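Below are structures written as structure tokens.
Two complexes are shown next, each including subunit A; its partner changes from subunit B in the first to subunit C in the second.
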Partner chain A sequence: MKPAPFSYERPRDLNSALSMLAASNGSAKIIAGGQSLGPMLNLRLVQPELIVDISGLAELKQAGLSGGELVLGALVTHADIEDGRTADVTRGAMRGVAANIAYRAVRNRGTIGGSLSHADPAADWVSALAALGARVTLRSLAGARSMAIEAFVVGALESALQTGEIVEAIHVPARAVSAHWGYAKSCRKTGEFAHAIGAILVDPAAASARVVIGAIDTAPIVVTDAAELFGGRIAADYKQRFDIRVADTLLMKAGIDDVAQRHIHVSVLKRAVLEAAA
Partner chain B sequence: MENAGVRNEREFPSGRSGQGVGARLPRKEDDRLMRGRGQFVGDIRLAGLQDVAFVRSPLAHARIRGIHVPERHRGGVFTAADLVGVKPIRAVSGLPGFKISEQPVLATGKVRQVGELVAMCLAPTRAEAEDIAASVTLDLEELPAITDMLKAREPGSALVHEHWGDNVFLETNYEVDISAALDAPIQVTREISTARQCMSPLEGRGVVATFDPRLDQLTLHSAAQMPHITRSGLAECLGMEEGRIRVISPDVGGGFGHKGILLPEEVCLSWLTMRCGHPVRWTEDRREHLVASSNCREHHYKITVYADSDGTLRGIDCEATVDSGAYSSYPFSACLEAAQVASILPGPYKMPAYRCRTFSVATNKCPILPYRGVARTGVCFALELMLDLVAAEAGLEPGEVRLRNLVQPEQMPFDNITRKHFDSGDYPEAMRRALAAIDVEAIRAKQSQGETGGRRIGVGVSIYCEQAAHGTSVYSGWGIPMVPGHEQASARLTPDGGLELRVGVHSHGQGMETTLAQVAHEMLGIDVAKIRIVLGDTAMTPYSTGTWGSRSMVMAGGAVATACRELGERARRIGAKLLQHDPASVVLQNGEVRGVNGSVSLKAIAHTWYRRPQDLPVDVDPGGLEVTQGYKPVRDSGTFSYAAHAAVVAVDPDVGEVEILDYVIVEDGGVLVNPMVVDGQIYGGLAQGIGTALYEEMPFDASGQPLATTLADYLLPGATEVPAARLDHMETPSPYTQFGVKGIGEGGAIAPPAAIANAVNDALRPLGVELMQSPITPHRVVAAVLAARAAERSAA
Partner chain C sequence: MNTIALHVNRRAVEVSAEPRTSLADFVRDKLDLTGTHLGCEHGVCGACTVLLDGVPARSCITYAVACEGADVTTIEGLDEDEVTTELRAAFTREHALQCGYCTPGMLVSARDLVLRLPDADERRIRVGLSGNLCRCTGYVGIVRAVQSVIEARRARNIAPQTDGGRTSLGPAGSGRATSDRSEPQPARQALAAASDRAAAGTIPDFTPATVLDQRFTLPHPPAKVFAMFDDIAGIAACLPGVSLTVPPKPERIEGVIRVRLGPIAASFEGAARVERDPATLSGCIVGIGTDQRSHSATQGEIRYRLVPLEGGTATAVELSIGYTLTGMLAQVGRPGLVRDLARRLVAEFAGNLDRHMSGAPSGQAAPAELSFWSLASDVLRARLARVLGRVFTGKGRAE
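What follows is the complex of A and B.
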């Protein structure tokens, strides 16, 4: 389990990194914390000609508030969020998610941008940030573009990143005072990737809800207007109105044929709903 | 808990001084191991060392049409065609009807499992060797893969070894009057299975081979449990005299059986270092361990249990199948596991009738190896799940059914229906203590209050017996390449009064450096700090079949005691001379020879013997202060240790999660040399048993591809998955062994799958759910719950 030979660069600023990526014509891989890419290299599942180590890019380590939303540089680690070293606009929601990602050793090195770029459907940020309504900024030499998380993650290990493009920052909107948050996952053991994730951001006062069913074989199911899961409208009694049959249908439509697997996903989502309502 | 009338030759000369038998002494080896100063195969550096990576078969079953090596790498790549004169590995059982497999160390003609070695690539580093391996292309003609052991038994199945005509290594039959059970009012029949597992020691296998022209000797450093057996196997495959081979096992990070076989890699690297003239190394990586090495545990049972309406067992009828994989591994063979099932299935229970038919089946998977507990874990799972069903039929608590059928203390020693000779013990007492400690009544009260937080509570028990240190009389019957006889130990008093012990077994986590020193201290009174133990080196230790079958404490402990007794006797006679006493009037006590008018220390005796022989009388015994002695228990049919396990679990029927809330183990391992080491063995075994129960599974697809290729897919329990188990010890001495010790190394891993599965089934029984397959995964739980709900709906 040794990687195939590759070249290695560690640029000191973002523009140099983008130039290297542009010059490599798709034969480069970006490494940040290396928590997913490291094993994939060793297993020779990826064999890039060039590794661009972005861990020296100070620009991507910034975190701060901007116009009421939180902007997190791609190199912010899970532990930064867990420990409260970054500001929070989600009233603890992100801290709670961060604290349960894998193991502390992984959280010390793993980054939020790396996790999104890798686009593993079982990764926590892929589901949690979609439920929180976050957006991602991508940058290349040609400029920047921004999109919702659910548009960014297009499939299992597939993102909207194009050749020469890098995740620069994540923009998280402030969670309304009236909004409830629920996040549940089921893992075979502590620190393992989840096999079912349910996330819900529900605001009965605003009659709105975002629901995510994650850790399926493809991109998470993101329901931005989740009234259908609650008998057609969101209100204070959403807990009682949660309709598992609708969730089950969503999973069926996503191609999950196995009834027990669907039942686990629906039950985990139900846990998230109960947590939000608690 | 001693049994009246049982002969027991115990001898505690130290008077239990605090370092001898029974002391909770911290482990001597931990000082180096806990500071990261252990020396494992991976730590060995030799000048000129080069690394090997193997080209392995990507297919489970295929004919090799060609192996293409790029021009630039020829000379650094070796195939079967290069290994002229190297013989395949053959592990033959003498049991009638056993079919022989030949495992070429590099594939010839066919590959029969994913990961089978095809070519050996040599380079200055492992990464470069892997680059070369990646450049080699194989031209393979894929053949139908045999992955299902039950289908493999059917006529018309594709064949792993064509010349056999079928896929069965061995079929056995054992029967005692089964017809006597057939009219029993309770008859329960089920199919029960355990998943294929990987043993996953912290340290994988590893080999460093070098050749010493001065000694004309091949030296193989290998992470191995049985270096002397490895040497015999190497000698056979390479056609070399055993004296020209030295096998050194340095520190070894866990064995569990995985390090008990002769590896094709060991043969390949031995050949390679002699061919290329410099040291070579291969280190098993985790993927190789998971997909290519050896597996364990895959059993299937079709079993009927007969009982009277009061739960009294009338008999068992079973057909057991074990997936033995593609080849018979050396030295245990492909049939040990299944044939053992037939002899141990009755467990610690009395019954008048019994029948068991077994099949060891060849498939296109890694060879199966005996893993900690060997067949006992599967057998305990099958039998103990069935006993819970008998309890349900009889309307009894599961604990009560066991108490009614366990062998009773007054029956000891007891020969059971398969003629296993139980040496001693009080099995019902262990079960009673476990039931009391887990507090079954409190659990029943809690259950009657219904679910809590969507979870259901369940309690489960299991009990087993572990035959350990079974010797010549047992193994001669198997007719495999290794039959244990007497165990030897060498003991040498050093000139400054220290003790050196050389023992042929090995220690890979068992703490033998400490416990063997405790035995020596018990006999000689020498401070354990001054006792040095040499293990795991064929050049320095007496021949031994090695460490397996929970035999080391009984066998090597007995040998150390015997050697130390003789050494003490010689020192005592010299001491008598120095004291100018009649030898009959002096005794060896607490490290000195004492007479009526004075004493002389072992240190002074040693100093005189080695450094001042002029002070010795001319008629002194010339034998000296270095002895090698052999030992075998009074009876070598094995010691029987046992334990009752009890578990409380909470199960979420909708998500399928199982949490262990409480766990109790009441074990009896005879006289414990070091109870703290025993506790460690039990905790470690429990972790592995929990792995079997809830996590570990190596699935295969229809083409024979192993699907759990990393530790993200092959789940092992971690610290957070292992509960703080409560342990209780009983100490019934074995009447046959030195100090009354029994082997206890495997027990912890035997009972947990059964106890946990019984607890899960207890929790879910009101839903009509029954899980009969390990591991109990969330998906299996939820699928069973949904099936039961659907059945209830269609019935309603």
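What follows is the complex of A and C.
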């Protein structure tokens, strides 16, 4: 065994989990699939006094459609999405992202809620769900609140979660029939942390686009109205109009000083644009 | 200790183990099933891959206690398994192993690919095996072996099972616990406080491994800002997470910096020497510190230079923050995350400094800061701590 000693609780339901969290006053960590927390525990980077295991909570394993959007409980795994065990409103976009997260043995336990809570900038869902316009519901004993993914991730490993609060569900809006999707990432080795992520949801018919430049050491760059990246106007020829100089400027503004790093990010974003237009 | 009841290789077992026991250690040490191998122990190498409720999972980052009621199958439980039998023959034929260390995990992952992949596409097999590292074979024989088994089975009209046979949602192995067996556990034993402080006058210069340059402006004249920098207690109060342990002297400070980066927390205790040069409106603080909990040490320095702006009514503060981290925290190896944290801390520092000089109370008073920084879920901070910790304080102590 490698972690420092910790106490372990397996609450019966969500409310008892929230009570345990509230009572611990910040000295507890939630574990679901443990695919991010496990390595950190083993490396003793994290040494909580108490681990609250929510992986058995049936309330968080629900997935279904509600008012045209997809609602995924926090415990839905990457493999659940990859295999199509959950409904899909993104016409395959989420399945494609899920299938390329880490390795199958990790996807069988790693959860979408856990990945978001961990807020690693290199994680796929942080960028992909921001591009898809998803929202996250957080719950504490005081109640629930909801926010856009791009507001939820505030920095490297920093989320908007407050003490006593957990991610309850992810709400994904339906992808319009006319909307194109592109997602690309660069990993030094398949399945490893991404060094650059590009995601784009572009709807030429509606002249709208959301663009995300992710895996940049801090919260991703999320451009909700991305016309500026396409010469001020989004139309069917967006592939030709994609302006790498604007992307480069966005990266510079985000503090990426290294020219080579910016080049990698811009190239990966361009791949995502080409994939969307293909 | 918790009593953990689950099924291993179709046999019911009930054994007590500490909650921190990984499933891999559980099957190896408690059940003598040593076919499951441990390599990296953080989910990367794949040697420990076992079947959990029928699908592959990393037993090194899955805790046995979280598998209450689950079905675990290790390599020993696959002796009679049809697919694994075919794979063993193919591995032998294709020379798909040499030392054999990766082979148990490799067979578990290969079996999953044989079940799920529609055809023997080499690229998909290679991607599917990317989570299992082999340092002997170069993978060529392994890929051939997996290809041959898939081809043979599809030729026999055995259809793929794209979901690997899983039908329920949620983490594999979860949700089968029948009751809450956990008992309250004694909290971790308190760690001894660090007693050895850096001896006076022994804080050396060093060459930082990482240097961050930061610049911010303050709407105050340079002389006032420079005087402020002489008020070490005041400066320390503006630094997020810093507390002084002994009254500061003009040339030396001792204290603690607590840093949090997501779930990572560290508390560096140490000492720093202070130098300043009124002629050039510049100075430096050079410190060393250690975080006892993570057995990490850091050296850090802050060099500052004040530049008059707008005819001397405002000041640009040019900060150069350098640090070197050694020990466990240095192995995290994601320097970009530390830079992001450092950037945020410096921004907070600048804001506090401005408020302090304007006579307003510091944005984050000590109690708020404590709860913000607090404890166990704070690993990340450690990283920051090592960045700035050695810079601003010096040596570490466990929280």
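Note that in this section the second predicted complex is superposed on the first by the 277 of 278 C-alpha atoms of A that agree within 3 Å, B and C clash if a C-alpha of one lies under 4 Å from a C-alpha of the other, contacts with A are read in each partner's own complex, and residues count from 1 in each chain.
Please note the rule applied: contacts are C-beta pairs under 8 Å (C-beta built on N, C-alpha and C of every residue); 3 or more make two chains touch, one makes a residue touch a chain.
Small disclaimer: the values here were computed from a predicted structure and weren't measured.
K.L.:
Output check: A:109 vs subunit B and subunit C. Expected answer is one of first, second, both, neither. What do you get?
P.N.:
After superposing on A, A:109 lies in contact with subunit C but is clear of subunit B.
K.L.:
Once the structures are superposed on A, label A:264 by its partner contacts, choosing first (subunit B), second (subunit C), both or neither.
P.N.:
It touches subunit B, and subunit C stays clear.
K.L.:
First (subunit B), second (subunit C), both or neither: which does A:186 touch?
P.N.:
A:186 sits against subunit B, while subunit C stays out of touch.
K.L.:
Please work out whether A:2 is in contact with subunit B alone, subunit C alone, both, or neither, and reply first, second, both or neither.
P.N.:
It touches subunit B and subunit C both.
K.L.:
Once the shared chain is lined up, is A:11 touching subunit B (first), subunit C (second), both, or neither of them?
P.N.:
After superposing on A, A:11 lies in contact with subunit C but is clear of subunit B.
K.L.:
Applying the document's definition of touch, where does A:39 land relative to subunit B and subunit C: first, second, both, or neither?
P.N.:
Once the two structures are laid over each other on A, A:39 reaches both partners.
K.L.:
Who touches more of subunit A, subunit B or subunit C?
P.N.:
C
K.L.:
Once the structures are superposed on A, label A:139 by its partner contacts, choosing first (subunit B), second (subunit C), both or neither.
P.N.:
So A:139 meets neither subunit B nor subunit C here.
K.L.:
Look at A:171 in the shared chain and tell me whether it touches subunit B only, subunit C only, both, or neither; answer first, second, both or neither.
P.N.:
Once the two structures are laid over each other on A, A:171 reaches no partner at all.
K.L.:
So subunit A touches subunit B in one structure and subunit C in the other; where do those two contact lists coincide?
P.N.:
Of subunit A, residues 1-5, 39, 43-44, 189-193 contact subunit B in one complex and subunit C in the other.
K.L.:
Given the complex with subunit A, which residues does subunit C contribute to the contact?
P.N.:
Against subunit A, subunit C makes touches at 2, 18-22, 25, 41-44, 46, 49, 52, 55-58, 60-63, 65-66, 68, 109, 112, 126-128, 130-132, 162-164, 166-177, 180-182, 184-189, 261-265, 293-294, 328-329, 331-332, 334, 336-337, 339-341, 343-344, 371, 374-377, 379-380, 382.
K.L.:
Write out the stretch or stretches of subunit B touching subunit A in their complex.
P.N.:
It is residues 125-127, 130-131, 134, 285-287, 652, 654-657, 695, 710, 712, 715, 717-718, 720-721, 777-779, 782-783, 786 of subunit B that touch subunit A.
K.L.:
In their shared complex, at which residues does subunit A touch subunit B?
P.N.:
My answer: residues 1-5, 39, 43-44, 186, 188-193, 195-196, 258-261, 263-264, 267-268, 270-271.
K.L.:
Applying the document's contact rule, which stretches of subunit A touch subunit C when the two form their complex?
P.N.:
Interface residues on subunit A, with respect to subunit C: 1-12, 25-29, 31-35, 37-51, 53, 55-58, 60-63, 73, 75-77, 79-80, 83-86, 102-106, 108-111, 118-121, 155-158, 163, 189-193, 216-218, 255.
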